[in-house]
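We call the chains A, B, C and D, going by the order they appear; numbering starts again at 1 in every chain.
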Amino acid sequence: MLAYTFKRLLALIPTLLAASVLIFLFVHLIPGDPAAILLGDTATPEEIAELTHAMGLDRSLITQYFLWLGNVLQGDFGTSIFFRIPVLSVIADGAETSILLASMTMIWIMLIGIPIGILAATRHGSWVDQIASGGAMLFASIPTFWLGLYLILIFAVGLGWFPSSGFPSISDEGGLWNIRYLLLPSLTLAAPNAALIIRLVRASMLDVQREDHVRTARAKGLHPTKVAIRHVFRNAMISVAAAFGFTFAALISEAVVTETVFSLPGIGRLVVQSILRRDYPVIQGVILVIVCLYMIINLLVDLTYARLDPRVSLK
Amino acid sequence: MALLEVSNLSIAVAAGGKLLPVVQGISFQVEAGKTLGIVGESGCGKSLTSLAIMGLLEGSQVRIIGGTIHFNGQNMLTLSDKKRREIMGAEMAMIFQEPMTSLNPVYRVGDQIIEAIRQHKKQTKQQARARAIELLTLVRIPDAEKRIESYPHQLSGGMRQRVMIAMALACDPKLLIADEPTTALDVTVQARILELLKELQQQTGMAIVLISHDLGVIAETCDSVAVMYRGKFVEVAPSAELFSTVAHPYTSGLLSSIPVSDHEIDRLDAIPGRVPMLGEDVIGCAFHPRCNLAQECCSLKDPEEVSLTQTHFTRCHFPIGSNL
Amino acid sequence: MNFISTIQNVFRGRTLATIGMIWLCVILVAALAAPIFAPFDPLDIDPIGRLQEPSWAHFFGTDHFGRDTFSRSIYGARMTVVIGLGSVVFALIIGGLIGMLSAYFTRLGHVLMRIVDVLMAFPALLLALVLMTLLERSVTNTIIVIGIVYATTTARILFGMTLKLKGEVFVDAAKCSGAGHSSILFRHILPNLISPLLVQASFIFAFAQLQAAALDFLGLGLPPEIPSWGNMLSEERIYVTRAPWLLLFPGILIIISVFSINLVGDAMRDSIDPRFKDDIAGV
Amino acid sequence: MTQPAPLLQVNDLKTYFTIGTGGPFGSGKQTLKAVDGISFEIHAGEVLSLVGESGCGKTTVGRTLTQLEPATDGEAYFNGTEILSLPNSQFRPLRREIQMIFQDPFASLNPRLTIEQTLAEPLHIHKLAKNRKEARVLISETLQLVGLDPKVMDRYPHEFSGGQRQRIGIARVMILKPKLVIADEMVSALDVSIQAQVLNLIKDLQRDSGVSMLFISHDLGVVRHISDRVAVMYLGKIVEIGNRLEIFENPSHPYTKLLLSSIPRIKPGRTKVEDLGEPASATSPPTGCAFHPRCAIATEICRSAQPEMNELSETHVSACHNISQLLGGHA
């Protein structure tokens, strides 16, 4: 298991390197001169040229890439043009919000998605199933930001039950209770993804239900609920787990939008704002971090997958 | 009363808002310790019959539309779900055609056997485990203590079928239903599994219903045979009697269609035509379009069951070798 | 095999999917004949009649420039169709070719699929955001960017399906008849991919709508002056408390349209070859 | 006795597969010796059967000879031409003469093509028909030959039953008038009554056209019915080869005897041969004679050395160390 994990981590390196080249290229192809943006409207061409040189932007792209990569490997992602502090601390500032938001969302997804999925599958064809799967598809068709805006409108502005935007850290005044700021955002973010999980759990359970071994389980005289949980759901978890990487990617994408709607100081909003501010070092850094994270999540998904399915050997 | 008594069992498939009959009023009995073979080609309804006896048809497009199934004196079709589940896997057990897929791939084979034991018997995990090892030894799996920890994919097809048999035997069933148990296996492995089944039957005295398309398998293992064509038993007889004095042209056609390995045949006497599709109506005897002995009345009237001897029945207007 | 009976097969007994299909046809007609149906010019500004509530004159009210939201919504259908079809065609042709050729020619596949893997290491919207930043905000660029994002998934899916078909006995049989590569690829493999590709197309169409709307909302999609449902939501969101209906109508239009496409896609998926069911992504 | 040169001469054919992924990140490679050094020949007009249980490599032999799998080693001379090393472009014209019938009648026809399109394809590739009209004439002749109504050519495969599809499969092959047909388990997916019809058909076609056949099957009854000569395979090797009667009436190799004795009979009274174990896996075959763990008469040498081919008669060859013992006692 450990050896396998290590091997897989090693195997990530080429993909990561390729991704880093892409990120670097993307950011450097963005129109606009970072030095000019940094100095503002009043800067003279000389000043700009000087800064361009100081930032190393006049060197060849290849040299710049390797300089950047070398620094990144030492933990130096550069300095934010906008905040004038190291990129890594900018990212760290957003991490708390994003991690909390993601965790809460994941909990919602599990709590909503899995039971409803099981229910729909075991009552296949009934009205319960039709409402569950139809509802799931409807929720998957709602743009995240639209849902967020209306949740704010109803529950924050209208009913005043929850704060409408922002998120003070849980180490600030209010402590853990500040979590309530994340309730609406996490529900917004969970809605389309829970819908996805409902449909996935349902579909894979229906697939497993058709397999021969389920008939064997029934022939043993097991109660239908026992068959559904121990044999059908357990096996369906394999394909559900395999899709979790995909869910996570969707989560990141939608977090960008959700954090913007709720003005949460997270990594997702950081991406959008850095792009709008043309804060190149931050764009590079934050995307690299997200890609790394995504790949690690995918690796974890594969490891879980192997644990769930004994047919997959970890060699 | 026989251990298993099926009378007038009819099964239909729901398709496009219609009920298409697949099994039409079959009746048979199986005594304790005896083996009944049901033989027929694909689509004749033999597998559905076995699933109906076991009570595994529910929830599909297939349903029983008539008849009764009495097991041990109880009417299985009117029994409550709970009562029926108490019989399933305990007094009546089943093994299936596909040993590769009939075991749950994510659990160890031992755990799957233990589950079957503990479902019906109040035993601790240790007791059940000991019993599982005993069962694996009984079905001649070498290194049972080690094998109990294996996952299904680590076993060969023959070994998996042995595990299935062990699982079926977990609670000493009175009746074992074997639906094409060796069809997916190689011929040498098949020989060993069939031998095992016969020995186990001698040891336990259970009755067996063996479903197969292979007349050889049936001839070697069964006490009596029912030949099925399009949902009906066209001929029923004790094994020896059936193969020595064939009465129904279909049975005879099947026998002469088989290329055998022990003597020379230049040309097979094939049955012409094909089995009518599901829902395709045939008036009269269902076999008459393919029968070279058919006469006019065969296309008008479905033959009743006639008895040739006390134990030999057929559904034919003109049974071979009789002057009816 | 014949077209009409296939369509009947897909929609028989599926009322919701049929309604969905009808709705999509309505959208298509609205898109084609927007100038006929729209009572006002979508760009006509009326500073006096700002933020009007829905009325008989303005079914969906007016926005903060006093433009008629109903007329803008009808013109928005155009963007829905253009963006949807554009990215579907782009993704299916580019992604489909990459996937099919990669699966058939193993060596080429090693290279091409690695590139796809790297692109797939980026979450979809993130990739779209970065690419949009490189390009200017325009209709074509939005199509290209969304097309690239879904070309990767399409390539992955077609790779798997082609690999399966490549192992089919009828492909072996064609080889034994002496058929060459192009005949096997385009005569034997491609026709068997058409129906799963159609299903895939429907899901891409749906995703593209949501993705485009999100890009519009983040200010990185279509140019702001183009009346698209996403842009309407984006521009009017600050007025949500004063004029909640402004967001309601375009939002519901997006939801119903995406929902309809998903329903149709689902119905198609249910009626295709079971071999490919697992491969096709979707909601 | 001088025989004419065989139509197909296979020498020491080996087909290995690599399974698992290699490289520093892979799970380690394993070699599966599906076919491990087999030799045989087929003469004009002759039917040779390749018989064995699943995983013995019989199907791979057929697929290698039609270049569906690359051969690892060995030679195959077809009419004097070595065909295993031929590049695709040069092998293509030969495909007309070496044809293959597949097992699964449902999977072997492209569901998107009509029967006419399926049958016309080989005609166009090998330029046997100038235009559609000519092709249709040839197609309807061939369809009649396999017992189908020529009207069926406008239909799609899903409209046919298994037996009819297999007839179409036979038509696709016979339309090219091949010299050698490789039939891979061509009747094993069919019900027994249909199987008999198809077997009769293929036997008639073979006799009438004089085509040679490599008939691959696991069913010994079918094999006895159709073949002139029989080769028995076990784990990638031929263990016994001989005329039909030699194999069925006078088998010499313990594995052949086991196979024959395992067939369930309708008439009672089969001789039992002891089987000591389960078939071994092809990825880790036993040392020495691959059959020794199951063999009742295995001796020390069987565990260490691979047996040579022993000639029992001019036509009957068997690979067993204890051949002398076998010759003494009649099975």
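Basically, contacts are C-beta pairs under 8 Å (C-beta built on N, C-alpha and C of every residue); 3 or more make two chains touch, one makes a residue touch a chain.
All values derive from a computational prediction rather than experimental measurement.
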| item | value |
| --- | --- |
| Centroid-based (C-alpha) most distant chain relative to chain D | A |
| Between C-D and A-C, the pair joined by more C-beta contacts | A-C |
| Approximate Å spacing (C-alpha centroids) for the pair chain B, chain C | 52 |
| Centroid distance [mean C-alpha coordinates] between chain C and chain A, Å | 22 |
| Geometric centre distance via CA averages, chain D-chain C, whole Å | 50 |
| Chain A-chain D separation of Cα centroids, rounded to whole Å | 54 |
| Parts of chain A lying in touch with chain B, wherever the complex brings them together | 211-213, 215-223, 230-231, 234-235, 238, 308-311 |
| Chain B - residues contacting chain A, complex | 54, 56, 85-90, 93-94, 96, 98, 101-106, 115-116, 119-120, 151, 153, 164, 167 |
| Interfacial residue positions of chain C with respect to chain D in the complex | 1, 168-170, 172-180, 183, 187-188, 191-192 |
| Residues of chain A that touch chain C when the two form their complex | 15-16, 18-19, 22-23, 26-27, 29-31, 134, 136-138, 140-146, 149-150, 152-153, 157, 195-196, 199, 207, 246, 249-250, 252-254, 256-257, 260, 271-272, 275-276, 283, 287, 290-291, 294-295 |
| In the complex with chain D, residue positions of chain B that touch it | 41-42, 156, 158-159, 186-192, 194, 213-217, 219-221, 243, 253-262, 264-265, 267-272, 274-275, 277, 290 |
